[in-house]
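In the two complexes that follow, chain A is the common piece, with chain B as its partner first and chain C second.
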Partner chain A sequence: MQQAETLSARPARRVRWMNRDRAIALLMIAPSALAIAVFVYGFIGWTAYISMTDWRGLAISTSFVGFDNYLTIFSTGRFQTNIRNLIVFTLFFLASCLVIGLLLAVLVDARIRFEGFFRSVYIFPMALSFIVTGVVWQWLFAPGNWPNDPTGINLLFKQSGLGFLQAAWTTDTNVVPGWRIEGLRTRIGIPMAMIPVVVAAVWQMSGFVMAMYLAGLRGIPDEIKEAARVDGATEWQVFRHITLPMLQPITLSAVIILGHISLKIFDLIITMTGGAPGNNTEVPGLYMYEITFKANKFAEGAAVAMVMLVVVALLVVPYLIYNRRTEVER
Partner chain B sequence: MLTTKWLKLFGVFSILALALAACGAPAPSQPTAAPAQPTTAPAQTGGKLEIFSWWTNAGEADGLNAMFELYKQQNPGVEIINATVAGGAGTNAKTVLKTRLQGGQPPDSWQVHAGKELTSYVDAGQMVPLTQFFKEQGFDKVMPPKLLEQITYKGEIWSVPVNIHRSNVLWYNIKIFQENGLTPPKTIDDFFKVAEALKAKGIIPLAVGGKDRFETPHLFESVLLAVFGPEDYPKLFQPGADWSDPRVRQAAEIAKRMLEYSNSDRSSLGWADAAQLVLDGKAAMTIMGDWAHGYFIGKGAKVGVDYGYAPAPGNEGVFMWLSDSFGLAKGAPNPEQAKAWLALCGSREGQDAFNPKKGSIPARTDADVSLYDEYLQYSIKAFSSEKLVPSVVHGAAAPEAYMTEYGNALNVFASDLDVDAVVEALKDAAKDLK
Partner chain C sequence: MSSVAIPAPGRRRIRWSRVVVYSLILAFLLFFLLPVYLLLITSFKSFDQVSLSRMWDLPTSFSLESFNRAWNGGEGVIGMRGSFWNSVQMVVPATVISCILGSLNGYVLSKWRFPGSETLFTLILFGMFIPYQSILVPLVEVLREIRLYATIPGLVLVHVVYGIPITTLIFRNYYATVPNELVEAAKIDGADFFGIYRSVMLPLSAPGFVVVAIWQFTSIWNEFLFGLIITNDPQLRPVTVALQNLSGSQFTQWNVQMAGALLVALPPLLVYIFLGKYFLRGLLAGSLKG
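Up next, the complex of A and B:
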């Protein structure tokens, strides 16, 4: 049927405003444009619509209730906790990845022996899926009946005489400092159980940041550094005032790429902690999954999805605008 | 020049055609494949059968395979697709199932807890009524009326129960109890006395999991039953139930004390890991459904030697039940094969093959008791003589929206042990009782 459409489009090629090149170009992009329009934007629109209905239960319902679902989810302590966890996870994940990635890049860039080997070692974790990372690190960070009968990393500490380093890891229920604010149904602070999750995520992604920075470092012309050194700059000054500023675009790209991974994180957390203890490591992605597919509250689940979309858009859209501007400048 | 342009254009069209064919492929393939077999083909002449369940652990998977073997003998040539999704209490499986149902690609038959959980699929028009089928097979005469009540909705029967599980069982390590001269606790007070004695010996009194996110909610329903009793407990899950009752707080206080006697790494262990702690002698007791019995058997342990059983503290004389059942999907790709499956599920032969391995009791009253081990014989007797109450965590008592809220309230409680918060959260959750 769609083939027939494209066939009938053939005569249109002869119309003046539409020359052959343009027609071919349009035909080339039409299928993917159509697919994206329907399967991406169409379903975003559908989700937005569902989020304003009262769809509960397995049978679809489309009566319009406005922003009620949004008010409902934002007023639950659980979603507030999710947002807190998301902020904590994203900040720690981004900061650690950038710092460790840069550090590794500078080290590898120092023309050490076996550079290729180290580069591969640091990048390898990225080849794994978050599911694998989650399962493995869940085993590592399962505390067992510590301190006497520990498992995982605690056992390692105990056997190497570092028993005092044992901790509750993913089962730590503390939130530090755990302030309560009037009107909020969650405690403000860093949920300690999130730290092992961040460690696993950083382990997986910092190699990727290293690769990006390494490319950036190799792109900085030696002449500029040489000139600075001739002017009497110390190595630290060269790094601080030449290397770092010239890596800024890389940092921005890394923040965008890591940021959108982090804001949408689901697979790592569901395999590693499942959101436990309590909701201390739960993020909106998990909440959406649970209220949609377990509680059958499809409308509320769609509302959570829309909130996640907006949060990611807040990060990505300014970047796209900035990119466009700098491209125009060029 | 012209010819190359035409060539290019031809190329474009062929690519387009390919792309469109690729886009269109998944949709038509389903309807063309589906009607191919069912209409006339009797079950015996081959075809396929897709069965969806969450039975993957030791014991339960063995039971399922035993039924598959029987099915293959009775229906030679039918290829069985065993669609299992791991995860205790079906937490993950139900999600996969729902996306498949909404995508219009149902398995032929799927595992569903009898009771409230069943009704959500019926309301969505995703199941086929089986009342006539029950009469044909004579199932309505051999299944307990209490059970039939739970699979009847809007005047029709919707699924075939294959087993009965008991959820309020205390499992304990016999050796630990003997060595310390203890007897399994009958009441809540007994429990704390025993727990204190065990703690003093450096043994974890109660093993509790949390990774499958139903373990603490499971523990709490048995505490609720102990505090409210068999008359008032089921009322808690009726629409408009009164959760401001002071006994809710009392139950929460008890659960808090119980959790304080449990392992601190709850949230990193699944229910089976907790059962393993008991088997390994690291913990003395765990409160879990009798699928733990299937797990223990699967691990090579012996009932009455390695581990013992008793009703959960304060649950004496009350059987908290749940039942796994299978229904027939509306629009099932292979309805004839699926009906043969359901006939097997409800048959004495099928249930006697499945249940001894799974560690559950048959949903029929005429099963061959001699096939069942010591615990299951005890359970069969208890089911017919004790008071019956439905389990909430396992879908028998309340709708899924409520189960999720109730479950989350208790999972948070397992982490912060905040009695005020859980009482509030349970009150909030009651809004979802419909």
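Up next, the complex of A and C:
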């Protein structure tokens, strides 16, 4: 009888089987979904809540103060300086990484000898911790008593007859041009001490951009370029009008990846400069750490964190939605 | 025949562009290797040769004093040996669990799609972009509550949870390349959820596991912020925090800092040297379109 039932119930049974498997599938992803719901979205909500209390000191406070903490941080010169530093860092870091990454990709793609070796050398810093990078570059950019008794890269310049290139690097307190604007408590311009930090970050990340562009370059069919060449296009025209446009999606991805790393930068700066001189290299990631875990201003720290989150989300969310759309279309 | 004259100028032009290409390639090589050079020569100098005014000079003798000091400590330096072990204890379980979770999630999200699964995937992905500053305080509170604050298992938990987005992404994209026909065929043969996983997915998963394991290993080893916040106990801190402490202390000679940096860099570097291809794949997978 059992056998008969199995035979006759076959189609129905298959549907039931599918349902059981679907349930298992949901069960399997549930722990991860739950963990993300709590550890990402729940905690973000919690932080948002903290940012609207007056929690200072070690005893938790829950009295609601609305957006006061946001007004407080935005009105301090220190946070305004942080934002200026972050903008400068992000612009220089992004631009340099994209240009150098693309240049390296084109160079490595130019049928050179020992291509694999060069490629490996350019990418290897990606395997290192920002802390390692920070420790090493900190000593490279330690200016010493320049110009007479320099250290680091200054010493190297002096020894190779390029003494005029010596600079104060991470100890440079100048902000160029350093405009003062009514109502702002920070000077507008490029904090010169940020330049060495950008160099170290570019050293670490440009190989990654190269790898992305290289994958893109290898994906462009030779026939298209060949057709243009046959039509009399110069190498530059081929690059400008065929290669570059076809690399555009990669540039977009690179901007998102580098952008979110840049907006969150913390490890490299705490190791290389600690935010000094003054607050000339301090960024929100570091400021949040300092005021939350050193000064116990939990509510203000939470406000800084929420500002960081919003900025990153403005960059990333449109990209995620766009990616999902194109994926569904596919 | 008439084209015989043409190659000559062409060849010369190509040769000039070659000169430019190779000069640039070598200039960048110098830029990328300069810190490595400094790191190596400084680490192998003995203490009496360490002088900032001669920092670019090659060591005149080979010495492991700096490594000894960085590793074992002494004269005010806390050795990194203990934190090295902490990092190993944190990285290995976190990597293993991450791989298993990522693989299961990727399998579900690529082969068992359900209404809303794409939205869920996007929501999970967002977790990999957030600044961790925005979850740190609640995280510490919760870890305290469940008695995992300032413990290695606590760090493992944190790295596993915040590793879910990237590991899920890599496995999902990897499993998307497995033909659905294989899954359908196994279903018709009567295989259930785990049967298909075992007989179809797992045998094809080796490269996916290698990519994810390498990715998680290097990023957890290199991670700093969680290590800093979640271990207030110097006995428990991972290597990156120990190195940062070493470099922040003004009493530590810089050759010891360099040796310490080299020690911290070594495990991921070895992975990169021997498994570079998979490391690169993980990197590119992080750019979503992998």
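The rule is simple: the second predicted complex is superposed on the first by the 308 of 330 C-alpha atoms of A that agree within 3 Å, B and C clash if a C-alpha of one lies under 4 Å from a C-alpha of the other, contacts with A are read in each partner's own complex, and residues count from 1 in each chain.
FYI, a contact is a pair of C-beta atoms (placed from the backbone, for glycine too) under 8 Å apart; a residue touches a chain by one contact, two chains touch by 3 or more.
Note that this is a predicted model, so its numbers are computed, not measured.
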{"item": "Partner chain(s) touched by A:Leu247 [first = chain B, second = chain C, both, neither]", "value": "neither"}
{"item": "First (chain B), second (chain C), both or neither touched by A:Pro277", "value": "first"}
{"item": "First (chain B), second (chain C), both or neither touched by A:Ala215", "value": "second"}
{"item": "Chain B versus chain C as contact partner of A:Asp149, first or second or both or neither", "value": "both"}
{"item": "Touched partner set for A:Ala59, first chain B, second chain C, both or neither", "value": "first"}
{"item": "Which of chain B and chain C A:Arg78 touches, first, second, both or neither", "value": "first"}
{"item": "Partner chain(s) touched by A:Ala167 [first = chain B, second = chain C, both, neither]", "value": "neither"}
{"item": "Which superposed partner A:Leu102 touches (first chain B, second chain C, both, neither)", "value": "neither"}
{"item": "Comparing the two partners chain B and chain C, which touches a greater set of residues in chain A", "value": "C"}
{"item": "Which superposed partner A:Asn296 touches (first chain B, second chain C, both, neither)", "value": "first"}
{"item": "Overlap of chain C and chain B interfaces on chain A (superposed complexes)", "value": "20, 24, 28, 31-32, 35, 138, 142, 144, 149, 274, 289, 293"}
{"item": "Interface residues, chain A side, partner chain B - complex", "value": "2-3, 6, 20, 24, 27-28, 30-32, 35, 56-59, 77-78, 138, 141-146, 149, 168, 170-171, 173, 193, 273-280, 289-291, 293-297"}
{"item": "Of chain A, residues touching chain C in the complex", "value": "17-18, 20-22, 24-26, 28-29, 31-33, 35-36, 39-44, 46-47, 50, 100, 103-104, 107-108, 110, 112, 118, 120-140, 142, 144, 149, 151-152, 155-156, 159, 203, 207-208, 211-212, 215, 249-250, 253-254, 256-257, 260, 263-264, 266-267, 270-271, 274, 284-285, 288-289, 292-293, 298, 301-302, 304-306, 308-309, 312-313, 316-317, 319-321, 323-324, 327-328"}
{"item": "Contacting residues of chain B [partner chain A, same complex]", "value": "5, 8-9, 12-13, 15-17, 19-20, 23-24, 91, 94-95, 98-99, 101-102, 120-121, 123-126, 204, 210-213, 263-269, 282, 400-401, 403-405, 408, 411-416, 425, 432"}
{"item": "Of all residues in chain C, those that touch chain A in their complex", "value": "21-22, 24-25, 28-29, 31-35, 38-39, 42, 52-53, 55-56, 101, 104-105, 107-109, 112, 114, 118-127, 129-139, 142, 161-162, 164-165, 168, 187, 192-194, 218, 221-225, 228-229, 240, 243-244, 247-248, 254, 257-258, 260-261, 264-265, 268-269, 271-272, 276, 279-280, 283-284, 286-289"}
